[in-house]
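Each of the two complexes below includes chain A, the first together with chain B, the second together with chain C.
Here is the complex of A and B:
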């Protein structure tokens, strides 16, 4: 079930760890019992790559991302599966102080842009020191200069930002501070949840460029989560498409975007004028994504919105199967192209 | 600190307007009081054989305005003497009203502040606990105790405490502030002071406590749901640091509640002091009304109002000193 993608090693050798998610199920306790928001997901974040995770709101992206830090919030819990990170092992059984040190220390997490991820009553600098003390950093002065350097590389006046409160920073500045805090302790796995949501277009482009640059410079393994397929098109090497708690398609970005196979991926791409190149042809995906309570227990999770729905879709859940460069979970695709279909002309390109 | 200065100026201006309204109100009370006490005093003095000038001066000393002037002249006199902190003399004891007030004020201010601070500390701690344990039975019970206590008027709390601890099971005194037989500032005297203060302070504490618990609980619950707390957790911050983040953010809105409580307890003291015969401003106000001692009454009213206004200003400014969003507003862009 693994996807054979030899990732580009970043220049100068790699320190980046790979992440292997296996059979991961995360449930939330609801009045109707424990319902899965993430169902039996298998996924790799190859070392040194940027993986994009797309899907409409509510598809389980944030829940999956939080699982990487074993930080699913109550009333949710990881009910089965493993999340193995090179050098750390499985993070699911980690607890207490050990788990705390992994968060921030080895895995950096960047919160959604417009949200407030900083204590409003303390300056950025004071919170940086709190972070250093939490992780037993001896040389706090070195930590501060590292932070300034990171901020400087992102085009900010480090000294000034460290002396600022959250309310004195713009959305784009806050987002960069979030990235700095995720990286300043030298984490090599970085998760960015909706890093550009609620930012204006110019700032969005700016943040994406920063992500790309820092990813390459530091040799990171990066997961970028977004509901905007245009964002992953710009930064990601790998792409995973999520729907109703499942990965329905994944593979190298070029292949998935260039030749989407799952009806959901096709719909997502059609909905974006930037990618189709023709505003008139862009059309929104009809229907609405399922919520926890309405995800069907049997059959394909996407069938209510699918034009290719067949009778088998109602009863048998499609599993991810190989088609050329991609893995696709769809009965219709499986029927059409049992051997992986015609080779694509950029079949050897990996990034 | 430009923003702070502007805020301070605004608060002071508003406070002054309120003081002005109250002093005008007390002036109106004095001048329209049935039987016109100033005039009565003046005629009384005339009858005792004083010359009109002497009688006028004497009456003016008591009331701070001349009995024969026009209303406007009387008002100007009145405000003028207040500006000099001259509150006139008690009609009852002929002691300066300022002295009478100062004597009484300490018996109100100290127990009220003590009670509110105790209540604040208790309410904040229990409120945090009720917030953390909000999905358990204990948390529910703590919250309910808060709602219940907040629903009981403070004088009922006072009466209950008085009947339980001074009547049914008489272990605490409900007469006065100290046993006057003791020499001031001996050990016995100080112990007696504390002993007499227990019931009033307990009443203040209990009546303010419900509000603090509920306010703190809801504040903590709000902060717990804030993104930056989860963000701090995901950055691997130590629990003790996260706890401090929660505490500081949650306690901020409580200072407004604190100010309101001080003001409420202060006004509640009028009845509570009566219950315990505690010689504070409230007792003084009620006694002065009973004795038709209008100068003292007006002074006490004015002082209570000013105290309440000051409590509000102080809390608001305090709030703005510790909240950088307000403190640094306008300092930079």
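Here is the complex of A and C:
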């Protein structure tokens, strides 16, 4: 950790920063006007935890994640809200040079389809040096040795990988390179967008183990995004379920999986075929997720696919309320035993 | 019924006379797809699944072995005479987008094969329209909605259903589904898999399901056989539930152990097996080829014998090759409970 950016980074493994997202709305400009892909989201990434963000394609996961780096690209923009990161403050107003340093330096991002996001014309080592220069790293040699160490840590021959072009690496190797590039500048907030999609099961299991171990060793605050709730079950401490630009349920991963309360969460879990037990218990979630143009403006965004829909669901948007360990946004659940009482202001409840 | 015996396929780089860069994609694979049955091939990427599927569908040649379709050995026929047989086997592959021509509407995509079919069977052009609507209904699509649309105007799941409808235009006996749902959200996959199951029930079409995802293979073919393939060799096969609940080959056990456990709902199998990381050995599908067990470089249970001798499917050792049809290729077979099981609700 002898890099130039180390001055900004928390020292040791105990100072993972917390992330607080408040009232975040991100809109995309479309022919029908600016439409929200992320709507008034409040969410915390508690320091040192792995949070899994789950939802079907189009639910707004990548958009939310890009907001953490203030990296939403036109035609999109953050139209309201704050993203506060310990030691950095709110990243939403950051611009230019300052923003560039934060990305990669403090927040590492492994892009969706990292398997294909490397530059095919440059070796991995060359791309590493480009990254170092763009972050004004003085000691490039230290950067290279840090990269080799990280790659070695992930079971790869670092020197060989740095000499390789993308096409010479397998899917699982590219994903590891993506993780190395996200961490090599000593970032302590790491976002992994669909890190195992398109990998087979054994490779996926290897990558998930690497994520768990590196998270613990380096003292990170990690966000893992996936459409596969099984992946989250394997790595995450906290689970947030996203639908139509909203968080509809969240809480500790085992509570949410063991006792899902939102009909959407229940549907996602039921859609996973299992290795043992009655196969016909598994069922696809009926219908399809909404697109920007079809997300209803009023009422519950999930109602078209919900078996418990009531008349209030058409007009009033449910808000997150506490139920035991979980926060749930559903009128049907709110009618049952809410033991937390009032709607929760997200700020206070995290451990 | 369709069967294959001793299917061998080696890919050689052009100009590679010494065979240094050859890839043994299939090393003598046997299989049987029963009439109206469902079987699955499971294994990691690069182990030869797609190559096998393409050979069975007549889209790829093979070097050795025999494919027999409805009792007719394909080697006895000239290529032209093989075609009507292979047309009874339709391939559905993983990417429904590349399978459909982006400049043609669903109507156009179905019209051509149906026109051919109408000519073969002496039917009217009116039939073509009726049949297109019937097939789309069968795959769960609204013909009025999808017929005029282009592939990019449909969701991934809808596109895959269109691909299935197009495969059905020739009234196939077998559908080969190669990772057919891997590009679709987990939440919607079972809709497509359910459709394949229904088609098997309603039309009697057999299924060959190819995947790295064992749980979906069970969903499709719990009553059929599962074949576990590693580097071009079937290393274990037998009734699907036996392979999942009492696997004996360490590779099968590794695949099953790698499936995410739904903690909170499930608990991991008691005897999970973690293979040695392939990247610290050589890559799957590698060219180096020593004499021993193909899985030995990654096998946590290998012995000296394993690196010397190659175990043969059904014949490695007598133990645990059972009467119910389970066979394996391992010198040290031990049943291990590796599949996750449900935790009882409190």
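Throughout what follows, the second predicted complex is superposed on the first by the 318 of 351 C-alpha atoms of A that agree within 3 Å, B and C clash if a C-alpha of one lies under 4 Å from a C-alpha of the other, contacts with A are read in each partner's own complex, and residues count from 1 in each chain.
Throughout what follows, contacts are C-beta pairs under 8 Å (C-beta built on N, C-alpha and C of every residue); 3 or more make two chains touch, one makes a residue touch a chain.
Computed from a prediction, not measured in an experiment: that's the story for all the values here.
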**Asked** Will chain C clash with chain B on chain A after the two structures are superposed, or do they fit?
**Response** fit
**Asked** Which partner does A:172 reach: the first (chain B), the second (chain C), both, or neither?
**Response** second
**Request:** Figure out whether A:234 sits in contact with chain B (first) or chain C (second), or with both, or with neither.
**Result:** second
**Request:** Go through the superposed model and pick first if A:121 touches only chain B, second if only chain C, both, or neither.
**Result:** first
**Request:** Return first, second, both or neither, reflecting whether A:130 touches chain B, chain C, both chains, or no partner chain.
**Result:** first
**Prompt:** Can A:69 be said to touch chain B (first), chain C (second), both, or neither?
**Reply:** first
**Asked** Which one hits more chain A residues, chain B or chain C?
**Response** C
**Which of chain B and chain C A:105 touches, first, second, both or neither** = first
**Prompt:** First (chain B), second (chain C), both or neither: which does A:254 touch?
**Reply:** second
**Complete:** After fitting on chain A, the minimum C-alpha spacing between chain B and chain C in angstrom comes out at 8
**Prompt:** Which positions of chain A touch chain B when the two form their complex?
**Reply:** 66, 69, 71, 73, 100-105, 109, 111-112, 115-123, 130-131, 133-135, 165, 167-168, 178, 181-182
**Request:** Please name which positions on chain C make contact with chain A in the complex.
**Result:** 44-45, 155-157, 182, 185-194, 212-216, 218-219, 222, 244-245, 254-266, 274-275, 277-280, 283, 339-342
**Asked** Quick one: in the complex, what on chain A touches chain C?
**Response** 56-57, 155-156, 170-173, 198, 200-206, 208, 227-231, 233-234, 253-259, 267-269, 271-277, 279, 282-285, 288-289
**Message:** For a test of understanding, state which residues of chain B touch chain A in their complex under the given definition.
**Reply:** 226-228, 230-238, 241, 245, 248-249, 252, 322-325, 328, 332
